[in-house]
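The two complexes that follow have chain A in common; it is paired with chain B in the first and with chain C in the second.
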Partner chain A sequence: MIALKLIGGSLIIFSSTMLGFYYGNRYSKRMENLILLENCIKILETEIVYGAYPLPEALFNVYRKGNKKVSYIFEKIRVHLLTDKEADVFNSFSTIAQEIKEKLNFKTEDIELLLSLGRTLGSSDRKDQEKNFKIILNQLQVLQKEAKKERDKNERMYKNLGILMGIAILIILL
Partner chain B sequence: MEEKDIGIYENVIEYISLELSNALNKIPDKYKANVEEIRLRSSFPLNIYCMNKDFFVTREGLLTKDKDKGMIVGKKDIMKTFQLISNYSVYAFEEEIKNGFITLKGGHRVGISGKVLYGTGGIENIKNISSLNIRIAREKIGVSNKLIKYIIDYPSSIHNTLIISPPQCGKTTILRDLIRNLSNGLSYLNNKGFKVGVIDERSEIAGMYNGVPQHDIGPRTDVLDGCNKRDGTMMLLRAMSPEIIAMDEIGSIDDVEAIHEILKAGVKIIATVHGSSVEDLISRRSLSILVNERIFKRYIFLDNSLGVGTVKKIIDGETFNPISLEKGVI
Partner chain C sequence: MDISLIFKIASIGILLGILNIILDKADKKEFSYIVTLVGVIIVFGMVITLISRLFDNIRAIFQLY
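Coming up: the complex of A and B.
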């Protein structure tokens, strides 16, 4: 009987700890992915402003050179752009919005920023594109700072909360 | 042959917005194989030029002369088509847009007109695009085969040659095929092939797309794409050691200077010019210099009396007497 109680108790603590870690990790994952996204956008900027590669090729190069954890979204945008003749660049960016919200732990404002890149991408000359990239990258920096703050604040709290919740439940049950 | 031409047409309309390309896809095959231009004008009916006539295209893909029945092209269609043509990348075609056209894969050219914006260095951009003119390039391999012997200077060279014709009579097509023949080598000259340098100011001769010529211009040909004739001449002479330099649409004083440079280096020239008679040439100051100096030894006149690219006559540049032609030269 005691063995059963021990196993049950440790299961409860284990699962609530995992839950805490899961919630806590979301913050550091967002942070990490925002940094990777920044790298990708910087590669895209180089491809466009200095390389003057046509957009599909530029997007493919980002996919190839960037960290695949995030850069796969640019490949998805490229494929959509080339297959759907009715779509424009913005439409192709919108198709991935929902997915990256779930998979990359992005918040609505992160996605909004990415979509605003889609609105201007490719529609003007190089000088103008460069300015747009600058604005987007600046905003991304702001988002990163905010994400860092949130992570520092919440990550440890969620993790501790998980463990403590487990212990609390255990005490109540005992 | 016809099937290939239809294929070319169908490739080109891929670049046009879906609604319009659906209509264009329904026109009869006979016309598909012969369309020369597709013209999109904002809020006017869709227009095509075909066998020297123009038609409006209805939504059902019928050809009509009645402009009220034609399918109206919207601003959205123009924008979408422009996006497809520029591959969603206006920045990649900055220079081309400044020149007023973009070259598509296959060497087809799309002319752009709209509101032109000036900056410090000349034209900076075209916005509010109102018209697009898609010119379908159809290379006619072999059109110069019968012509070539008239420009050969035995035993191992060619005459400086000027091709003269009104617009849309096949100047560039003939020039391109001459380049191909000379570069490939001629049976008349024991298969000697010439090193040909092409200054392709308007990207029409070779139709370069991503650095690959879209037309057959022979294995010994070097192309300077989008380069003006004066700079191009100097670059070719300095580094590429051509035996022949080919250029399209000469006319300015700078071009005459370039031609003098070419002659100094002992290189032969093939060029084209707008016009229809020797008098036409003399009436233009820069060209009259060339005519009076007897620089060109052969003048080839084209018109479209028997279809595009009919050779009207060939004149000897020394005596200005016509050279008698064999029957059936194009």
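Coming up: the complex of A and C.
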């Protein structure tokens, strides 16, 4: 009987701790992915403004050079851009919006920023593109600051909360 | 008289204190209030039978039927 109680109690504490870590890690993952996305967009800027590659090739170069955790979305955009002959660049960007919200822990404003990049991409000359990239990168910096603030505030709280809730449930059941 | 109930209530109290501090630090005052309330309700649920028994005993002793 005691062994059963011990096993059950450790299971409860383990699962609630894992839950707390899962919720806490979402914040640091968003922060990390935003930094990686910034790197990818910087690579894309160099490819377009200084390399003057066509868009599919530039996107493929971003996929190769960037961190694969985030840069795979540019490969997806490229594939969609090449196979779908009717839609424009923005349409290709919006196809991945839902997916990255779930996989990369992005918030709606992060995705909106990426979509606004898709809206302006390839619609004007090189100087204009450079300005657009600057605006996007600036806004990305702001989002990163906000994500960092949120992470510092919430991550530790969720982790502690998970452990303590597990112990509380155990004591009440005991 | 079951002495383990007292220890249980004491440990719940300690846990609630820690939870309160953590939630206050994370700027979630409303949640800390709710957590305290839930803790009080749970502890009340534990002792409510004992309290009712106490009142029954008092009534039996003083013959207040």
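Note that the second predicted complex is superposed on the first by the 174 of 174 C-alpha atoms of A that agree within 3 Å, B and C clash if a C-alpha of one lies under 4 Å from a C-alpha of the other, contacts with A are read in each partner's own complex, and residues count from 1 in each chain.
As a convention for this text, a contact is a pair of C-beta atoms (placed from the backbone, for glycine too) under 8 Å apart; a residue touches a chain by one contact, two chains touch by 3 or more.
Here the structure is a predicted model, which is why all the values come from computation and not from measurement.
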Fit or clash between chain C and chain B when superposed on chain A: fit
First (chain B), second (chain C), both or neither touched by A:Leu36: neither
Which superposed partner A:Leu137 touches (first chain B, second chain C, both, neither): neither
Contacts of A:Leu115 with chain B and chain C, given as first, second, both or neither: neither
Contact breadth on chain A, by residue count: chain C or chain B: B
Which of chain B and chain C A:Lys153 touches, first, second, both or neither: second
For chain A as apex, the angle formed with chain B and chain C - C-alpha centres, to the nearest 10 degrees: 170
Touching partner for A:Ala97 - first (chain B), second (chain C), both, neither: neither
Which superposed partner A:Leu161 touches (first chain B, second chain C, both, neither): second
After superposition on chain A, the shortest CA separation from chain B to chain C (Å): 47
Set of chain A residues, in rising order, touched by both chain B and chain C: none
Touch list for chain B against partner chain A, complex: 18, 80, 83-84, 86-92, 94, 124-125
Parts of chain C lying in touch with chain A, wherever the complex brings them together: 8, 11-12, 15, 18-19, 22-23, 25-28, 42
Residue ranges of chain A in contact with chain C within the complex: 153-154, 156-157, 160-161, 164, 167-168, 171-172, 174
Interfacial residue positions of chain A with respect to chain B in the complex: 48-49, 52-56, 58, 81, 85-86, 88-89, 121-126, 128-129
